[in-house]
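For reference, chains read A, B, C and D in written order, and residue numbers begin at 1 within each chain.
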Amino acid sequence: MRDVISAHSTPPTSSDMFQAETQIRVRYAETDQMGYVYYGNYAMYFEVARVEAIRSAGFSYREMEENGVMMPVLESHFRYLKPGKYDELLTIKTTIPELPGVRIRFEYEVSNEAGDLITEGWTTLAFLKKESHLPTRPPKNLLDLLKPFFG
Amino acid sequence: MRDVISAHSTPPTSSDMFQAETQIRVRYAETDQMGYVYYGNYAMYFEVARVEAIRSAGFSYREMEENGVMMPVLESHFRYLKPGKYDELLTIKTTIPELPGVRIRFEYEVSNEAGDLITEGWTTLAFLKKESHLPTRPPKNLLDLLKPFFG
Amino acid sequence: MRDVISAHSTPPTSSDMFQAETQIRVRYAETDQMGYVYYGNYAMYFEVARVEAIRSAGFSYREMEENGVMMPVLESHFRYLKPGKYDELLTIKTTIPELPGVRIRFEYEVSNEAGDLITEGWTTLAFLKKESHLPTRPPKNLLDLLKPFFG
Amino acid sequence: MRDVISAHSTPPTSSDMFQAETQIRVRYAETDQMGYVYYGNYAMYFEVARVEAIRSAGFSYREMEENGVMMPVLESHFRYLKPGKYDELLTIKTTIPELPGVRIRFEYEVSNEAGDLITEGWTTLAFLKKESHLPTRPPKNLLDLLKPFFG
């Protein structure tokens, strides 16, 4: 069994954005006594989705951090449209709507097995030097990998 | 040791809003390898803050659910200004800015021990009948407890 | 991308046990400020591993619960040998050492990408009727699926 | 509201052990769709209980880590006797049964509001130098604070 929680990205087109899809299966730990995914767990799903999205473009968040750049979240937003349920295989479509500068924005659409959009949201993150915590430009190889997607 | 994670609310004034403060100590489990509170955990802090806020007004979320009304979150927003750190005693100021209708809005300001605002955000929640999942009015006793705060 | 977090089980042999392997990628949310997987998160990894193990045998935990039988954990044990790290693809070998009676035991071995055993442990779970919370026999189809593995 | 999640320890007696009690209120996030506290969350409750137990003796885990010593968990064990429920104020009695050497053992008993023992367990932790990850003796001030409890 391989390719666990990996994503595939759409090849560069004239669409002027980067998109990728990832799948996540809801764990029992992630439900609450309402019988649904706890609302706070979508932040974690978004984390997995953006890491897998950039991995599908050939970029490793882990390596970036090992190389001294980290990406703290500055702002996040969530709209809960329908409940997520235990054991469902959710599909998350992640979009990078514009080439990142000192910040990067990700947009997310989470759908259930029936194809219903259940949660949508976005996050903005900064690039910071781990040592100094000062803002920095995105790593050159990340920009090089993303540029072909942006007309 | 008692009154663990309880809140105190400000007595009714002409301020036309309801406010309460709660304290939460950051657990090791809630940090991540950046050395800070994981961004997704503020949703849980907000949950504790709003439950303690209405408890301080004399209302029990648990009893409301036992009586057949639940409050799923419809939307949430988070702005991360400074990192939260392990073992810090955070103070969360929760505001209900207007008397709830079929929805209720909570606003949150999280401060650290130095008094710095580290995260702020808001959530909107619905009142739903547990049986039918249909929207319902807020419980009468909740409205009765909140009304004195809204001139 | 499919077969996300699925498991494969070893075909019935004379080995007199049931075994399956699952893979889980460590999320940022699951690390703590020590830079490793928080010790409490292995309980969740074990949950995923046992659910995927029985799924690989053709059995759905979700459907069992929908049909009125739940499996609360009675006891769990964890030995942490080496740290788990962010973004590693962990492999969990799950063993059911004997045909379940009113209880079922699962044993787990978690290895990292280098093949090192990092955590091992076990859980025992009960079969309970959801309505009455009374103990019950394992579902017949679960026993039928497992029997061929037990000489 | 102060002294949130603090603990009180029993004054030194001839009992030859250290004991303290802490209270934790169950969060909605910590329940699962069975309607109970998810079994993996007791590891987090145990973490809070041991940190508050040693704080009540006058020792700060946070400061120890800042001074270069960390305490990873080596082994943990949990027996789930009754379910924990949302919003309950749990009481955790933590015992250090013997003066720590290169390892320290904590034992835990979690009771609900009705006084029923719901979960019990233990953990062993090591003292490691943060820099080298080599085992080390417990900090002298921790031993000095604990010795009076051990006849």
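Definition applied: a residue touches a chain if its C-beta (ideal position, glycine included) is under 8 Å from a C-beta of that chain, and two chains touch if they have at least 3 such contacts.
Note that this is a predicted model, so its numbers are computed, not measured.
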item: Homomeric contact subunit C-subunit D: same or different residue positions, threshold half; value: same
item: Taking each chain's C-alpha mean as its centre, the one farthest from subunit A; value: D
item: Gap in Å, rounded to a whole number, between the CA centres of subunit D and subunit A; value: 36
item: Chain centre separation in whole Å, for subunit B relative to subunit A (CA means); value: 27
item: Residues of subunit A touching at least two other chains; value: 28-29, 34, 36, 38, 40, 43-44, 47, 86
item: Of all residues in subunit B, those that touch subunit A in their complex; value: 34, 36, 38-44, 47, 70, 72-80, 83
item: In the complex, subunit B residues that touch subunit D; value: 1-8, 21-25, 27-29, 43-44, 47-48, 51, 60-62, 65, 86-87, 89
item: List of subunit A residues in touch with subunit D within their complex; value: 28-29, 31-36, 38, 40, 86
